[in-house]
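Here chain A shows up in two complexes: once beside chain B, once beside chain C.
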Partner chain A sequence: MQRVVVIGAGVAGLVAAIRLARGGARVALLTKGTGGLQLSQGTVDILGYSPDRVERPLDALAGFAGSHPGHPYAQLDAAEVGAAADYLKELVGPGLLVGDPAVNLQLPTAVGAVRPTALASPSMTAGACVDGAKFVIVGLSRLKDFYPELVAQNLNRTELPGGGRLSARGVTIDVVAREGEVDSSGLTFARALDDSGYRRRFAQAVKAVVEPGETVGLPAVLGLDDHGAWAELAELIGAEVFEIPLPPPSVPGMRLNRTLTQLAKDAGVRYVPGSRVGGFSASGGRVDSVQLGVAGGPRDFRADAFLLATGGFESGSLHADSYHQVHEIVFDLPLRVPEGALVHGDYWGEAQPLFTVGVETDERMRVRTPRGDVVYDNVYAAGGILAGATRWQEKSGEGIALASAVKAADAILAAAESTTSQGVAS
Partner chain B sequence: MKTLSADVVVVGGGSTGAGVVRDVAMRGYSAILVDRADLGQGTTGRYHGLLHSGGRYVVSDPHSATECAEENEIITRIQSHAVEKTGGYFVATHVDDPAWGDEWAKGATDTKVPFEEVSVAEVLKAEPRVNPKISRAFKVLDGSVDGWQLVWSAANSAKQYGAQILTYHRVTKIERDGDRVSQVVCTDEKTGEEVRINTNFVLNCAAAWGGQIAHMAGCPDVQVVPGAGIMIAMNHRLTNSVVNRLTYPADGDILVPVHTVCIIGTTDQKADDPDKLVIAWDEVQQMLDCGELLVPGFREARAIHAWAGARPLVKDSRVGSGDTRHMSRGMSIIDHSERDGLKGLLTIAGGKLTTYRLMAKNVVDAMCAQLDDPRPCTTADEQVPGSEDRKNYVITHRLEEREHDRTEDQILCECELMSKGMFTRALADQPKGNFDDLRRQLRLGMGPCQGGFCSMRATGVAHQSEHIDIERATGLMRLFLKNRWIGIWPILYGDQVRQTALDNWIFQGTLDVEHLPGPTHEEVV
Partner chain C sequence: MNDASHGLEFAQTQVARASLDHCVKCTICETHCPVSAVTPKFTGPKFVGPQAERFRHGESVDHSLDYCSSCGACTLNCPQGVQIAELNSQARAVMKADHMPLRDRLVSSTTLMGTLMTPVAPLANAALSIKPLRTVVEKVIGIHRDAPMPKANTQTITGWLKKRKKPATPASRGTVVFFHGCAGGYFEVETSKKSIEVLEHLGYEVLVPRQGCCGLAQQSNGLFDQASDKVLKLCDELRAAGKDLTIVSASGSCTGMLKHEAHEIMGVDDDRLKDVGTRIRDIMEFLLELYEEGDLPTDFAEVPLTTVYHAPCQLKSQGMGQPALEILKLIPGVEAVESGATCCGIAGTYGLKAEKYDVAQAVGKPLFDKVRDVNPEFALCDTETCRWQMRKGTGATVEHPIFVVHQAYGLS
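Up next, the complex of A and B:
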């Protein structure tokens, strides 16, 4: 049986691990932390800006790749990206993701910007910013990461992407998430809202401020493990309801993360959290094993293939030292580093070159040097570690992660098949 | 247009100007202070936070050493809430000559700077991260001081004596009536209104910008040469005491614990324009190398912010070296009645933050002499507002406050334990202020996340106040993010890259701030 080690438990690592396990591989998923989904919106971005606002992301991909030759999308075509997004959608089901990868939704952010994304939680889609929409944005006085007037009034002064205007007003209600607390986190509210009794009280307080014909925007805290909590709230309030994602920790991101982690375990993936990969051994142009620092001493994980899905700078996978030398921390892989200064002083200006640093891959997602040579025959990469994208600006993070993860997983499975068939032949 | 009048107009809201306005007000003059920006927005806020024991100057500048030692005691007492009595050490690193310590000790004795030679083991016990290869150490009474608290409390003291403090008032002209100063003309930067202040006396405390002010009064060629120095804040205190290198004053010879961070400084580069200081990568590297000497592993520690300040060094070719304007080394007072035949204008520059009160006393004494109106200085004898309890700052004070109010108030900035109540009160006091003005008083956005989590909260809370509409609130956030970046990008390496990536995910990724509706008027001040 083919053995695969996936390193990193963000959306790329989780999806690849599931796909590999379901494809017949024996998979170990090694992860230092909880993975990047908790920092996400709980949506699937494919391409939001190019640099103008994108309405149909899959249609825009070819043109985008053409003008960004070093971008991960230059190696991932629209069909692969669309199929990968659909794959995730099917994995988690319509309770967590809906939408069409080919069409961007335009959803409000927690400061009242209108943000494009392709797939979203069904709890968010009633917030689509279309002409004539009528929102009441409801804030919680004990939750400091959401200011309903800020959201509503910025939305009010926005000319909508599809043309026209919406009308929104903000209102704050005082609901206690945990007795004695005035400073409750979104997660505390989300856990409280998993309880149906609390939901009823919460819904009553919201209902009191809603006027007929209004759609209700709430911070994205409407239940953590109970994925139907938001829908029940909508019914209790008697109005359409939508969630607006908050800064981390992101409750919608945690819902995806928990669901995917469970799916991975269910598929037989051995999930090993809590330690950083601290070394590896290689021979004959292949990596034989990676070493995990665990209690009782380092432990080797041998495998036929290794998928690096460790993310970028935000996860610590890439590290720029005080001399501005950038390192990939697991395999010390060669990186594509732009020429010239890596950082500049214009906050609102061009993307910072530093954040485009990453690894390059061949057409099978194997890591190669900037000159084009494969570094190790069996080391693949997917997601945030790939060079050339400014994901937060392009709104391209999940699209890149999913397409590269699926592609890498399929390449790994295909490599095993060809080895097996060769083995049979000899 | 608005017309005001005062006996004295003080130009410049740094430490010198704040000290001067307090001094003149306490001597019974009516006074108005004007600054083109916020108090402590220039050099005063852009330094390393050291309240000198005097030890730094015992060999190179004995007169300043004695002044520092005396003023250190006074400031620690009258502005106790702004000063932390950290104590400090002078240490000979392995590249320094320990024998120089004998010269230093003699200098300290001669200049009456209190000190005590201590064993290396004692230093390492108190400060375990200090380089164990140090060969010799002296303990001194260094402290750290919050420049903004220092300035604001002096200004608030002046207000109690009737002075007016006009921030964001840019001086555009100084009118004269024959051989006398008659009026200071300003523009209110927040409203665009012209403000004319009739006065008999102008005290030019604009420091690195002092030449420009003197020029407006028709006194050309006052050359205040900005000596630029960079400072880098690390994300926590690597030491709890000030650590100085036991050498002749040089670049990168000091590490100062201030509030939640510690600051390494500094360099000295001649600059052409105090408004265009550069934080060069090679200077950053130089500071990091110096940090390694004092604290091994310094390069692996996390730098969170850098800034450059402009020391106001006076060079005046028109005044001979025998001139008495050298009231003390390091501080210079130019009497324009002697130099340019203009009565009612004195320019003061140079000096150190530690001796700001003494500088103020000297320039106000000079004014009284010119007016032939001797009045005694009383600034050393009275606590400033906020320091009545004579308690010195301690690092844990906010933790204690939050423990008391955590069930009634929210924490907007976890890094600096800044509560919502603190923010709304400061905003009510300064309704036209921007987030940087509030930051200087509250440390908003000054911790490890550099505004990553608190900027949006501050925006939301500010927007809830009745003065700030949606466009201004959004503009304030944009301006704050842009301004924070000025001090982040020059030191962007190591774990701060990771933090910046997270912050970018929040602001661009999740909030999409780039695509908020554009302002019809971009906040610039």
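Up next, the complex of A and C:
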């Protein structure tokens, strides 16, 4: 059986691991810790700004790739990106993701900005910022990460992307999440809201402040394990309800991360958290094994293919020394590094060049040198480690991660198929 | 502290602190903490760890630190490599140094308990089940009256080894050393027997040197000096069995003490520890390594069994995944359902303590519920104290996964 090691358990690593395991590979997923998906907003960005706000991301991709030749999207076409987003949607089901990858939703953030994103939790879509919408934003006095007045006032002063305005007002209620605690995290509220008795009390308190015709915006804490909690709350309140994502711990991100991690395990993936890959051995242009630094010393993980899904600079996958020399920490792969200074001093200015540093890949997602030579025959890359994107400004992170992960997984499975059909290996 | 010992000095000044600057405040550790999930008494690993540590100068600024159970879920899941659990264990040891409760000294003396209880096993078992007596113990010492206690055995592993017949399979694969730990020597003797028999069935000669305690319970209670002495003495004993031999153990958490905790938490920097720590394998890890090399016979007989498998926190914290799950997948008929629980609550001696008993039970509740849902009669778990906690919490028979392997090889 084909053996694959996936390094990194963000959305790219998880989705690739599931696809590989379901495709018949024996997969080990090695990850230093919990992946970045948990920190995400529980939505799927494909392309939000180019640099202007994007309404139809898949339509915009071709033009975007044309004007950004070194961008990951230059190698991932709209059909691949759309199919990969749909793949994730099917994996987690309509209880966690809805929407059309071709059309961006415009949803409010926790500071009352209007954010474009393609797929979202069904608990968020009633918050679509359209002309004439009437919101009441309800905050919780014991939750310090959400300020309803700030959200409402910023939404009120915003000319909406589709034209027109909405009206919003903020109100704060006091519901105890846990006895003996005046400062509860969003996660504590979410765990409490998994309980149907608590949900009823919570809904009563919200209902008391809602006026007829208002849609209710709440912090995204409406249940952790019970993915239907928000819908039951809406019914109890008697109004449409939407969640607004918070800073971490992001409950919608946790729901996605937990669901995908479980799907990976169910597919037979060996999930190994808590240790760093600290070395590897290669021969004949191929990597034979990586060494995982578990407690008590390094252990070899041999495989036929290795997928690097370690994320970008912010995940620690790249290391910059004091001379601004940047290194990839697992295989010390050649990187594409922009000319000139990697960091400029203008904090609010142009994107920092450092964040576009990453690896290049061939059409099968195998890592290649900036000159175009494949580095190792069986080392693939996906997600944030790919060079050329400024994901958080473009709002392109999940789209790149998903499309590259699916493409890499399929290329790995296809490579096994071709060696098997040649009778070289089994 | 003027008379700070080596271990405490290390705890105040050393390595784990350096990792706190890697904290990006992402809160991933907080979402994995089983204690702060069930009680507001513990403010969570990030708060008492990388945040409070910046304000510590001898005195601890947040005494809720004592509610950390040292399960290690924070360190295991930190994507930035911050040694949160290690920081907290060290800070707690420093915090408790000048007023160490007698209770904490007692519960961490594991070999003493075993030595005293084995000769009088029926008596000891009876005494531990007498309610009024346990109530007095709770009032005087602070060990909760309902806390799980080990069941004393009439025979120790040493007693069994002396009396048993020679193994049937010739030793064709070489020699390994077996480390049984205190619990595996005195209380969970059956686990040790079955482990030795499986190793011998595979063709290993198994040496079981005279061995003491690893000191883990003292370490987790902040008694670093005593624990450091114990762990080095144990290293000497295990090394005496032979150079370069693989050491195999069925005591998941004691193995973790030797692999990394003694070094990383207490700063024991000694070649003997390094030698033992790099040679030791958890028994299921050992079997999985054999399997990955194509050296594990998989002629397993069918074992019709659907069961929860719970990987203890201190096994998971070794960063090797859950080897037992991979081995159980190879046995026909076995459906091992991962518990999904971070910790059973006991965390060594944490759940025995009167003031923490309720917290420990609340931590264990999702696990107990899972056992009741999947198979209320039987469950699997790799470490001894966790099995006691699970047996007490569910009424189920809870055994080490080696029991299933033993049966699948036709040895029982």
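Please note the rule applied: the second predicted complex is superposed on the first by the 423 of 426 C-alpha atoms of A that agree within 3 Å, B and C clash if a C-alpha of one lies under 4 Å from a C-alpha of the other, contacts with A are read in each partner's own complex, and residues count from 1 in each chain.
Heads up, the rule we're going with is that a residue touches a chain if its C-beta (ideal position, glycine included) is under 8 Å from a C-beta of that chain, and two chains touch if they have at least 3 such contacts.
No experiment lies behind these values; they were computed from the predicted model shown.
Superposition of the two complexes onto chain A shows chain B and chain C fitting side by side, with no clash. By the touch criterion defined above, A:35 lies against chain C but remains apart from chain B after alignment on the C-alpha atoms of chain A. Applying the stated contact rule after C-alpha superposition, one finds that A:296 touches chain C and leaves chain B untouched. Applying the stated contact rule after C-alpha superposition, one finds that A:248 touches each of chain B and chain C.
In the superposition on chain A, A:316 makes contact with both chain B and chain C.
Of the two partner chains, chain B is the only one that A:144 touches; chain C does not reach it. The larger set of touched chain A residues comes from B, when the choice is between chain B and chain C.
Look at A:354: by the touch rule set out above, it reaches chain B but stays clear of chain C. Residue contacts after overlaying the shared chain place A:265 against chain C, while chain B stays out of touching range.
Of the two partner chains, both chain B and chain C are touched by A:181. Measuring only between alpha carbons, the smallest separation of chain B from chain C in this overlay is 5 Å.
Common to the chain B and chain C contact sets on chain A are residues 39, 180-181, 248, 315-316. On chain A, the positions that touch chain B within their shared complex are 39-41, 49, 53, 109-115, 142, 144-147, 149-150, 153-154, 156-159, 180-183, 245-248, 250, 312-316, 319-324, 343-345, 347-348, 352, 354-355, 391-393, 395, 397. By the touch criterion given at the top, residues 285, 288, 299-300, 303, 406-412, 420, 453, 456-457, 459-461, 463-464, 470-471, 473-474, 477-478, 481-482, 485-486, 489-490, 492-494, 497-498, 500-502, 504-506, 508-517 of chain B touch chain A in their complex. Of all residues in chain C, those touching chain A in their complex are 26-28, 30-32, 37, 40, 75-81, 256, 258-260, 277-278, 280-281, 289, 292, 316-321, 326, 329, 338.
By the touch criterion given at the top, residues 31-36, 38-39, 178-181, 185, 187, 191, 248-249, 254, 265, 268, 270-276, 292-297, 299, 302, 315-316 of chain A touch chain C in their complex.
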